[in-house]
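A, B and C are the chain letters, set down in written order, and residue numbers restart from 1 in every chain.
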Amino acid sequence: MTTAFTPTPSGAHVRAVHDPFHGDLLEISMGPHHPSTHGVFRMMVTLDGENVVKLKPVFGYLHRNHEKLGENTSYLGSMPYTDRLDYFCSMTNNWAYALAVEKLAGQPVPERAEYLRVILAELTRLLNHTCLAGFLLQDTGASGTPLMYAFREREKILDLFEALSGSRMMCNYQRFGGCRIDATPAWLAAVRGIVDGYGAFLDEYEELITGNEILLARTQNVGVLSPALAVSAGITGPMLRAAGVDYDLRKVDGYGLYPRFDFRVPLGAHGDTYDRYMVRMLEMRESIGILRQALAAIPDGPIMDPKAKIRGFRPKPGEAYGRIEGPKGEIGFYLISDGTPNPYRYRVRPPSLINLTVLEDLCLGHTLADAVIILGSIDIVLGEVDR
Amino acid sequence: MIMPDAARPETPAPSPVPAPGPSDAERDELRRHGILLTSIHELANWGRSHSVWPLQFGLACCAIEMIAASMARFDIARFGSEVFRPSPRQADLLIVSGTVTKKMAPQVIRLWNQMPEPKYCIAMGACAISGGPFKQGYNVLKGIDRFIPVDVYIPGCPPRPEALLHGLMELQDQIRAGRTAASRPTVKAAQASGDYPVPDFGPEDLEPPANPAIWQPPALVRPDKP
Amino acid sequence: METPEQIQARLAARFPAAAVTLVPNPAPAGMAALLVDAAHARQIAFFLREDPELKLDYCSNATGIDWPEKEIVETTRSTLADPAGGPPRTIEQKTKRIQPGYLEVVYHLYSMARKHGPVILRVRTGNRTDQVTLPSLTPVWRSCEFQEREIYDLFGITFEGHPDLRRLLMWDEFTGHPMRKDYVEPDDYEWEPTPHEEVLEKAKRHYAAPEKEGTP
């Protein structure tokens, strides 16, 4: 190329560049304000006609210094910040952080709290995948209706979270060694009601959408991810399993109580956008199964380990890396303690950011409109990408 | 009956100011009888207040609650604001929904400059108001009102959709009363020189870190001795 | 999976010139990390990925850590017999030692093929100022691409052999490395109603105390 790739620091722009191989190209800055980039995400796209020949993501428009703040506050003080990482999935973020601290301090968790964590994590998975399906359809051009359906279901689950934790989105619910508030029998009954009705919603949604010809035409064979690249690029979550790699931390690590539950791990065969969509739909069905088993077996008992220390918590020097299977992929926390009330190093392993590593590989050769769908199927949340 | 002059009580001299228009109560009374009293300004403001088109622009967590407000349960369409426009050229209202980082701030101000008059701004959530929980960070702008005038502040982290609707209704009241931020003298003076200045990226911070024409840091006498 | 000690022994046999040491982790669930020297880091990484026993094909997490220069005070006690025949005296001697600062990169490696892990790999720089170049492991694991860019941005470690080393999160004109422990953030402080601890310090710095009354 005669014009070297230089990301301009400010503002959207469109400019013509000349390439001896492709001829006249167009360089477009998509974002950070763009209706289809799921937040303040920016892509520098170089187009040959309508096809993508180069795509460089630009990050940092929502970099909120999460890690620096985590090192300047106490262990417990970081818990509310984890809610704001991936703001669709505050419960799983809480769990990943609590798990890392529990590993660091050798803190056991009572059984009822583990059951509650599983229930909340699977509800979060339902919530996240439902919203993803809505946004993905929005990106394909079905504006409004699928998202309306998704948010209708989301409100039901948010009502449950609000009844339990007092907050719709930012639950701040888990603690080191248990949970904050016990669930009442009425709450569990409400969860049962919603879980029982969720299958019908999925049936309705799939009947409307999954077999739709336009969806098939837009998503099949678009953005194919090979298993070898997926493993090397550290892709995790539904995106990895859509590429056919069987790696689900709920099975591999068996954290929490997941070994007790009977569920299957859906795998894709092609690794394209349609598989990424379908894997999530199937995962939701499995989540409903896990929720049914957990709701049937949840025991009575304490929700907090009596020896757990909440205030003035100072773990002994050492380090720990705790990771769980979040709805978007492996969310991990790496903590180093030096014996003071604040962590010496507080690191978040963001699944969304690392899943974006392959965005350019997936988009090359496709049209710009397909790049939007591919980005939608990766399922990013900017709070976690930029932290 | 005509009273003789001597019997008439003392009345004050008529004042030179024109008589005030009918009060709200009198207007309501007239409206009940089918008579609508208004002026062009009032009519225009009334129309504007019921068709505030927001910019489809999400920054962070609050944007999700903004989307939720536009969905079936909360239904922002009841207030005439369901038309989220992707282009700033077609929008009236900038909802700053989430944390404005220093890297993002020039873009937000540029969007604001691109919006046509009359335009309104809602700072939604603690981050947009003051930096919120992320205030102590190196890359977080401590309040969007450092650069653009804000009409309504909605506290919360994030505010519930009902709070956004309440904020929108407050904005409608302000529009109807002609009391929006753009009518403030400081803002008018700042705007007379053209667009709102867009800061540059400096080696450490934005340059300038605030627009001194519309924002001044709060004065404090003795922080160390309460 | 092999223990870190076994891996260390195998690495020492395979790469005799490389310095591979174990960094213990005293936490309950702790697992020792392998500290490798920068010159051999990439060779060792390739070996760990390709070795049929380990097959660590997945680098989950790469992160930087800043260890600034630290003053360590060591106290040594010696007992001296009193020549006059009294009880022996104890003399405490304090010696100050400066532990040089360095930057460190930590990689958490797992195996998706064999479903085990983690193996923790650490690489250290020479100091915090001029010897901050480390070999990039992006050619080994593609997942390091953005994470190493982030470390370059926030910690200031330069990765040799990285395909596209630019700032990831901050803007290009930015000069500092915010995640270092001695980073001073720009003074855009705004008064808070209840300042305490660090915030109070910032408030004092920002709003200098007024001059004493009576001074002209």
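Please note the rule applied: contacts are C-beta pairs under 8 Å (C-beta built on N, C-alpha and C of every residue); 3 or more make two chains touch, one makes a residue touch a chain.
The model shown is predicted, which means the values in this text are computed figures rather than measured ones.
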(request) Taking all protein C-alpha atoms shown, work out their mean, then name the chain whose own C-alpha mean is nearest to it. (result) A
(request) Using mean Cα positions as chain centres, tell me which chain lies farthest from subunit C. (result) B
(request) For subunit B and subunit C, let me know how many angstrom lie between their CA-based centres, rounded off. (result) 47
(request) Can you check how far apart subunit A and subunit B are, centre to centre, with Cα atoms defining each centre and the answer in Å? (result) 35
(request) Report the inter-chain centroid distance for subunit A and subunit C in whole angstrom, where each centroid is the mean of the CA atoms. (result) 28
(request) Enumerate the residues of subunit A that touch no fewer than two other chains. (result) 9, 60, 63, 65, 68, 72, 386
(message) Can you pull out the residues of subunit C that are in contact with at least two other chains?
(response) 169-173, 178, 198
(message) At least two partner chains per residue is the criterion; list those residues in subunit B.
(response) 103, 136-139, 201
(request) Under the touch definition given earlier, write down the residues of subunit C that touch subunit B in their complex. (result) 169-176, 178, 183, 185-186, 188, 190-191, 195, 198-200, 203-204, 207, 209-210
(message) With touch defined as at the start, can you tell me which subunit B residues reach subunit A in the complex?
(response) 56-61, 63-65, 67-68, 71-73, 86, 98-99, 101, 103-104, 106-107, 110-111, 133-134, 136-140, 157-158, 160, 198, 200-201
(message) Touching residues of subunit B toward subunit C in the complex: what are they?
(response) 102-103, 130, 135-139, 142-143, 201-205, 209-210, 217-218, 220-224
(message) Could you list, by residue number, the parts of subunit A that touch subunit C in their complex?
(response) 7, 9, 59-60, 63, 65, 67-68, 72, 103-106, 229, 231-235, 245, 247, 252, 315-321, 323, 330, 332, 334, 336-337, 344-345, 347, 349, 353-354, 356-358, 386
(request) Could you pull out which subunit C residues touch subunit A in their complex? (result) 25-30, 57-61, 63, 65, 106, 108, 112-113, 115, 118, 120, 141-143, 145-147, 154, 166-173, 178-179, 198
